[in-house]
Structures are given as structure tokens and as C-alpha cells.
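Alright, structures below, take your time with them.
Two complexes, one shared chain (chain A), two partners (chain B, chain C).
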Partner chain A sequence: MPVTPFRWFITASGSYAMIRQPIPAWLFWSLAVSGIVVAIAIYAGMSVYQTRINPTQSVIPGLKGFAEGFDLITKPRGNDKNPKPSWLVTDSKVTFSRLFIGMGLGTIAAIVLGIAMGAYTGVEAFFSPIISFMAKIPPTGMLVIYMVAFGTNFKMFIALIGFGIFFTMVQSIYQSVKKDVASDHIDKAYTLGASEFEVVLEVIWKQILPRVIDNIRLHIGPALVFLIAAEMLFASEGFGYTIRQSQRFSNMNVVYIYLGILGTVGLLLDYGLMRFRRWLCPWFGE
Partner chain B sequence: MKIQHVTVLGLTCLVALSLGCSSSKSGSGGAASGGSDGPAPVFSLAWSEYPSWSVFGVAEEQGLIDGAEGAMGSIEEKWNVDIVLHLRDYDTCITEYGSSVADAVCITNMDIMSPSISRPAVAVLPTSTSDGADACIVVGIDNIDGLAGKETLGLEKSVSQYCFERVLEQQGKDPSNFPFRNLDPGEAARAMQLGQADIQSIMVWNPFVLDTLRKRTDSKVLFDSTSIPEEIIDMLVIGKDSLGKPGGKRFAYAALEAFYAVNELINSSETRDETLVALGAKFSQLGLEDMKTVVTQTKFYDSPEKGLGLMEDQKFQQETMPAVAEFLVSHEMAETKPTFGFNSADSQLNFDSQFLIGIRDGVDPASVE
Partner chain C sequence: MAANPTALEIRDLSHWFGDFRVLNHINLRIAAGQIVALVGPSGCGKSTLLKAILGTQPPSEGSVLVDGQEILAPSRRVGIVFQHYSLFDFLTAEANVAFGPKLDETSVAFRTFQFPQWRKLRKQHMQEAREFLERVKLAEACGKYPTELSGGMRQRVAIAQALILKPKILLLDEPFGALDEATRERLQMMLLGFYQENLLATKEGRTPEYTIVIVTHELNEAIYVANRVIGLSRFHDDGDQGAMVVYDRPCPIFHPDDPKDLADFVEQREELRRAVFDPSYIKHHSKYVSFWQDLEAAEAAVGPIES
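Showing the complex of A and B:
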């Protein structure tokens, strides 16, 4: 039987094609890079095709378009009398401060209530129905309520992100307290003379910590969605504001760069938190 | 068990394929196929709820246009074009035009300038002009001097901000002393209606103007677009590429004819009320009395002669459009001004009066490519 390229490929890769079969690092990274290259190649093909139809198109910009977009967002604004930073600097400061403060407050509140619900049945009984109900409501559908309660300024964005992640995070944390912390660990701590506070801090908190970090990782994406949606409607600065305005004026090169920055920051935060969890809780494993 | 899995997989593939096929049918227009005797080429028109643009929705109700693909109203049959109507949010309309998803769009003379840089545009029909429909509404402020230093909320880099600054300039004020903060107009109106203490001034358009004045009884109009007549123009714009396709000109004529047919209904004493009610149903669910106010604040160019009057007006050509282009660059909506002209085919934004003239003179559909 002649050795066709297809047959050669099947033979060569056969041992790696089995379920859960590990592959060598060189192959893993080659495939990872290939995926990115294929995605870029598809985009480049679409850009070339659109440019042939309309040489001035800006919907799927090429390299030149992206260079112009980058110039647009990094150019200092204002005038000699009233100099202002570039869009990128202004929007980054505003958006990421809203994101971090909102996520920070939402996470702290969720940890406190989640542990209380997981540890004390009375607290669980009181909060469980309302938390379960609120967790199912999309926060972006309640934008107007946030506006009524918190106005249209900084507080509203913080509240939206904080409450947006709070309810689902509380559910995860309290489930973690109930299931990941063995009762005999708590009993042993009490037997050894630990106080209530020490049990919470030394037994419960330390055991759920990796779950909390994973929860923060999972909530970065939703928090960004809530924030960008709110900034599109209510903000006069920030990524959501600039994305909306740029869409209106067909500056898609700016939109794509901003989306790329958001994706990259989200990815870096996710990766950083994962490394942090591995460093802080090596016992938890990968 | 294996057969069950294969069956589920097969059914899933069939559903996916059928969805894929149906969605490929509903792609955007311009799939033209020739002259007036051939199959009708498809063109899409993106419109949002606004008095003179909701006219296209009323035209659909009247059977003049059938907004679905593959179905034809009487005017579509006359011109042998299939017009697909896209009712969208205003921003989405602009995005659909800029990304060539829609062949034509209902848009203002200011908002079309930036998209026309990447997709050359042909303004074929002025539909109306704001004559009080854009207003600065205040609470607890008696005059323009009292507004200085106080924040006004409205959509930045839009006709709202343009109107706000133009009126202030007319009054001899420096707009930089009057801060303007971005907020979606619907939300700005809602915030004022809710009586939030820090919101004393908003700059919005109808129906938010009417709605706010009604719901916040202590609010009043400080100034409005009556001070800058024929500067904010609502229009129908077609992509130059779409207009150049077979059937593109017939599409333009059909759209104009539908617009004027509904205007005749509005102007006829016998059909005025019911047409205004139909228009109101497609403009924020406004009733007859509100619509009577709305059409005085949004003056329709209800005949080809009035449309031509604007396009040939020297002030509009020599002063208004250059001022709008200047606003575009000074407010960082575009890095460069688009080239614009009147019956100037090479301009990125071309105000082309041939279709108005054709409709006025009763052009024969058979003579149009």
C-alpha cells in the first residue's frame, strides 16, 4: 500500500490521538501557535477581500488601519492651554479603576456573606432564596435601577460591577464552605480549643481560598461585560464610551484595538491569579 | 445506545445546516440581477424610530413597501426592486451602513460625515429638519447665563452637542464655559424625570423632549433648534457602491416615492389623523396630539420641491455643511473632514438631486437602469 501524506499523518499522530493521551511540549506549543496563526490568517484574508471590494473600507482594517487606530488612541489630546492625556491613558485609568474597585468590593462582600451562609444554617436559610433569585437576574437589565439608586457617576459603575458579581460569587463560596470543608476538620479544631473566629480563619478560610481565587478569575469576564455595557450608556470616559463612539463613526480600528486590550488584560489577570493560587495554595494542585 | 447517539448527532447537524441555509438567504442586499424586466434586486434600508424616518414603517403598513425579503409592495413592484427594511436602534443603523450590511440608512447630515470617509455616501433625500425637536431642558435655571458652569447631559459628539454649542455661540457665549457630559439621551431624560438633584440640564431630542416636559412639570425649554433652522437635517443616504449596482437607481426612486406617498397621506385632511396615529405607533408609541406637536417641531420636506430647495440653498451649501464638517474635526469625531459636494460624484458625501428631480418630473421606471 503506498504511503500517502494522509496515512503518514495518521500513523505519526496516532499515538497522540487517544483520549487524554499527553502530547510532547513541542507539539503542544506548535499547535497553540498554529491556532493563533490560523485565526490571524483568516482575519487577514477577510481584510484583503473587503479591501478589494472597497479600498477605503474600515470595517475589517489591515495593518495600516491598525497603525492609524493606534496613533489615534495614543495621541495626546487637548491643546497647549489645556493639554489632556491620550484616549488610551484616560480610558485605561477610568475603566480599570472602576473594574478593580467594583470587583474588590463585590468580592469582599461575597466572601463575608458566603462564609456566613456556609457556616451558619440560620444565615443560609435567611439569605439563600433571595441570593438564588438575584443571581439569575442579568445586572445589565437593571441598569436603570442602579442609575436611580446610585446616580450616573462613579458610584453607579462600582455598584453595578460589585452587585453584578456578588450574588453568583456568594453562591459559589457558600457551596464551597459546605462541601470543601470537612466537618471533622471543624470538630478537631474545636476539640483543640480553637475559638469561633479561629475556626473560620484557620480552617474554613484557608480551605476555600483557592476556590475564592478561582471564582475571582471566573468573574473577570462578566464584570467586564457589565462595565462596558454601562459605560456605553452612562459614561463620558472609559473603554465602553470610546468603543460606542468609535462604532458610530466607523472607527473600527479603534474598536478592535480596545477589544484586544480588554481581552489581553483579562487573560493576564486570569493567568496572574492562577499563578498566585498555585503559589499561595500549592496543596490544592493544578 | 450507539444508534441513539448517531441519531441525535445527525438531527443536530440537520438543524445546523437548515439554520445556516436560511441565514445565508437573509444576507444583505445588493444581490442585483439586472434590468427592470429581470428578477427584482434586493436592497436593504436601515431606519430607526424618528418622525420622518418612521414614514418607511408606515409605507410598509400601507402596502407600498413590503419590508421582508422576497415580498413586494406596490411601489417595489412598480420599480422592480425588493426593499428590505431593517428597523434598528440609531447607532446600529450607522454601524450597519458603515459595515456595508445595509445599502441605505436614515441618518443626519452630521452623523453621515464620518462613515462616508470609509464608505462614500450619496444623500438622495432630505426627509426633515429639526425645528424645536432638539431642546435644552432645565430645572431651576432661569436663563442661559444661569446655565454657565452647570453640567448639561446629552449624547456627546452628536446633533445634541452641535445644537447646544451652536445656540450658545449665537447668543455670544463661549461653549467652553458650559460643560457638556455624555449620557445616552433616553437615560438623561429618565434621570431628569426621576428628579435626581444633581441633574439640572439635559440636551435631548424628541420624544424625550415631550416626555420630560410632561413628566417633570417644573422643567422648561431653555433653548432649542428653532434658533438654527435647516442646520440639523435628517436624510436618506445610499452607499455609492450600492447605488452603482444594477437596480440601485430604481431603489433610490422607489424609496423617494414611498416617502412622498406617505407625506401625501399626512397632508390630506381626510387621512392626516390616521396617518399621524400610524406614524406615532412607530415613534415611541405617541398618540395623535403628541404627533401633531412632533410634526411641527420636525418639519418634513414633504415634496421634491422642498427637498430641492434645501439642496440648492446657498447658505446650506456654503455655510451650514462647512460648519458641520468643522464641528466633526474640532470634536474629534474624525481626523480629517470628508469631501462633500452637491451633484459632485467624486465627493465622499454627495448631495445628489437627480432623484428628487426625477420624482418631481415623473420619471418613467422603464427608463431607469
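Showing the complex of A and C:
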């Protein structure tokens, strides 16, 4: 019987498609690349089809549309007398400073309270009911309160992201202090001459550090959700604002590019933090 | 024996958890250089007693004196090796061993604001840590993390970690419980080696370096590595009031090179099993508590012997 591609596929899938069976590296990477190629091909197909129906369509832009969109966002604004940076530069500055400062403050506060709650039963008793309750309120719903408290300015976005990740992060950090740090370890540290502060700094903190980093990684997604939603509603610059405006003016090419940038930045941050964790805490494993 | 100073003294120690009394008037004196096995039924309060000696869980009543000073909080005078969680996961073997000198000799402020001096001192600590790892025959494991070590290696690192601070007494809470037979035997040999060093020190008029209390479930191990076995149990005439010392007698100790013949242990093992582990054998609790008298009798017979 001749070996047709169909027959090859059946044989190959017979030996390779079993649950959890490893596959050869070449197959793994070809599949990974194919996934991306297929996604692009489907998009391109839809774009060509749409353009055939309506040659002036901008809903599913092609290469030319993307090139125009790219020009649009990188073109410096303003006039000679009063030059302004391009959309991309302004929006990146605004959005990422909101993101990083909000996440930074939220994380620092969560670490401090999380360790205090995990270490001291009194602090745990005082805070845990209110923290559990607050963690269940959708942060985007709280946006109105931050707006009343701070107005629609920088502080509001910081509060939204900071508090948005704070409550759930406190919960997982304090659980981690309670579960990952054995009492025997704490006793041992005392017998080795540690002060109470050294137990926190040299034992508890070191032990939970990889969990904290993984926690930050997990919270990048939600933080971006809160931020982009808030920018769409209340901002006058930033990624969320520009996406919303571009959609209004049917500049879908800009929308797609911006979404692509957000996805890429999220992915890079996640990957960077993972590498950072592996470098900083080699004992923690993968 | 009599020449060696008292390392640990427990006076009238009792402990309650709520209304439940675990320990009932424990009195004990352990001389420097003794290797003491502590045995008893599960849940009788061995770990509780160790925690009182350690100072992490002060007793409800009574006191613990190490080297003549009362233990009120954990300190470098008492070292411990736990069965699990004996090492800090986030430190390499040598950093684990150097952790004691770091915490004991320096403060956060010193390490932060006098960083250059700290780095110099750190190098000495690491050097010292490597020497202690060599003592437990683990020179090759220096840079490894606990997860990369076998169970036996981890326990040896933990022993080095405790020994580096030169504690007056070292507590081992079922240190070899999770190890396979061969590894266990190697570690027992190590303890016997420490005992030989103690004998040498006594002979030369120095205070022996290793005073050890080892909790074990294995009666053969108790008799093999220790020169004194203490049994803790509720099975005595005042048992409702918590565990007491119901057995305290010398036992033969071996040279690491001696053949280990389990037949030698049979008699004492049976005695222990009856006196400490048999619930139906209720008796006056002091019948087998005769370590110091036994020792005197032996010394009267053959002249001074080392404990």
C-alpha cells in the first residue's frame, strides 16, 4: 500500500497523540509555529474577503491598514510652536506609569500586611474578615468610589490598580506565610540567635519570596483589565482612551496594534518575572 | 564521670496543654559528654520536653538549667535537629551552616550599614561552615540546596548547622526516622565517633564537646548510640497526671569499629519494652530510675569510668 500523507498522519497520530506522551522537539516547534501561522492566515483570509465585499472597509485591515495605523500612532503631534510626542509615546508613558506605580504600591502594601497577618495571630484576627470581604467586591465597581475620593486623575488610577490587586494579594501572601513557613523553621532560627525582625527578614521573607513573585505575575492580567477599563471611561490619554477613541473613529488598525502591544508587554513582564524568580530563588525549582 | 560538669538540669518540670497534663514532675540531670537516648510511646511528650529544653515552649511549671543558667528563651546554648524541616530550603548547605554565626554574631543594622566588614566576616563564616561540613563528611555538598541532597545528607548538614554554634547540649528529635537502614547506620556511627571524642576530652581533662539527647522510636538504636537511656511514659502509678521518667539506666556504648551484635541488646530491650511501653505493667515509677546509682555501683566495683 502506498504511504499517502493521510496514512502517515494516522500512523503518526497513533504513536504521538497519546495523553501526556512526549513528542519529538521538531514536532513540538512545528506545531507551535503552525498555531501562529494558522491564526495569521485566518485573519488574512477574513481581511481579504471583507475587502472584496467592501473595498473601503477598515474593520479587518490588511498590511496597508496596519502600516497606516503604525504611522498614525508614531507620528509626532502638535505643531512647530508647540510640539507634542506621538500617541504611542504619550500613551505608553501614561499607561505604564499608572500600571507600575499602582502595582508597586499595591504589592508593597500587600507584602507588609500579608506577612504581619501570617506572623501575628492578633493582626490576622483584626484584618482577615474585612480583607476577605473586600477581596470579593469587583474592583471595577469600586472605581466610582475612587473617582469621588480622588477625582479622575492619576491618583484614581493608582488607587484602582493598587487596591484592585491588594486584597487578593494579601490573602495569598498571608496564606503562604502560614503554610510555607514551618514553625520548626522559626523555632530553629531563634535557637540560632535570630531576633524577631531577623525571623521576618531572613526566614519568612526568604521563604515566601518566590510565591510573592509568582503572585505579582498572576496579578498583571487583572491589573491591566482594571486599568484599560478605567481609561476607556475616564481618561484623556492612555492605551484605554486611545483604543476607545480609535474605535469611535473606525481606526480599527490602531485598536489592533494597541491590543497587540498590551499583549506583548504582558507576556514579556510575565516571562521576565519568571526568569527573575528562577535567578533569585534557584532552590524553588521551575 | 563525676569530673564532668552538669550540662543540663531539669527541676520539677510539668506541662499542661489546656487541662491535659502531658508532663508530670520531670527531674533530670545530664552531665557534659553524655549521649542520652530518650524513648517513650508516641504522644507521651518527648517533643514537648525537648521544646522546654530548647526554650521555644516554656514549661507550665518547673525550670530548665543549661550550664547552670535557666533557659527562658531559645539561645545558642541549646541546638536542635528536627526530623523534618531541619534545613532552610532557600540556603545552600554551607549557607545553612553559616546561618547560625550570621544570626548570632551580627545584626541587620551591621549587615546593612557596615557592609564591607560584613563581607569579610561572611567569608570567615563560610570557611568555618565548610570545616564543619567536613566534620560530618559532607565537603562535597557545600554549594547544594537541601532539595538537591538526600535525606541522610540533609540530616548531617543539620547536625553541622547546630554544632557550629557549639551548643552546651544538642537535641535530636527523631533525626533518623525517615532514613533508610544503611544511611541510618552511617549516621549512628557518626554519633559514636562524637562519643569517642568525648572520651578523649575527658581523659585529657577537658570538658567534652558533645552532649546529646536523641529521641528515637528504635530501641536498638537507643541502646547502640547512647550510653544512657531514659524512658518517658504515662504507664506508671501516677499516669493520669502525665508522663514521668520511668526508666533511666546506663547502657553499653560501642566503638564505631566494634561489630554491632543485636543479640547484646536483647535483655535491655526487653526491660525497656516492659518498663516504658507496656500499658499493663503499671508500677512504681522509680523502679528503673537508677542511672546515677548504677554508675556509682559500677565505679565502686572497677574504679572511675567515663559516662
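Note that the second predicted complex is superposed on the first by the 274 of 286 C-alpha atoms of A that agree within 3 Å, B and C clash if a C-alpha of one lies under 4 Å from a C-alpha of the other, contacts with A are read in each partner's own complex, and residues count from 1 in each chain.
We adopt the following convention: a residue touches a chain if its C-beta (ideal position, glycine included) is under 8 Å from a C-beta of that chain, and two chains touch if they have at least 3 such contacts.
Here the structure is a predicted model, which means the values were calculated and not measured.
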- Message: Taking chain A as the common reference, can chain B and chain C both be placed on it without clashing, or not? Answer clash or fit.
- Response: fit
- Is A:Gln57 touching the first partner chain B, the second partner chain C, both, or neither of them? first
- Message: By the touch definition at the top of the document, which applies to A:Phe197: first (chain B), second (chain C), both, or neither?
- Response: second
- Go through the superposed model and pick first if A:Arg248 touches only chain B, second if only chain C, both, or neither. first
- Task: Taking the C-alpha centre of chain A as the vertex, compute the angle to the C-alpha centres of chain B and chain C, in steps of 10 degrees.
- Result: 150
- Query: Does the superposition put A:Gln207 against chain B (first), chain C (second), both, or neither?
  - Reply: second
- Note on the structure: After superposing the two complexes, the shortest C-alpha distance between chain B and chain C, in Å, is 38
- Query: Which bits of chain C are touching chain A when the two form their complex?
  - Reply: 51, 54-56, 73-76, 78-80, 82, 84-86, 88-91, 99-100, 103-105, 107-108, 145-147, 161-162, 165
- Query: For chain A, which residues count as touching chain C in their complex?
  - Reply: 182, 184-185, 187-195, 197-198, 201-203, 206-207, 209, 281-285
- In the complex formed with chain A, which residues of chain B make contact? 91, 94-95, 98-100, 111, 114-115, 117-120, 153, 156-157, 181-184, 187, 190-191, 194, 196, 198-199, 241, 332-335
- Item | chain A residues touching chain B - in the complex, by the definition given at the top | 53-54, 56-59, 72, 77, 144, 147-148, 151-152, 232-236, 241, 244-245, 247-252
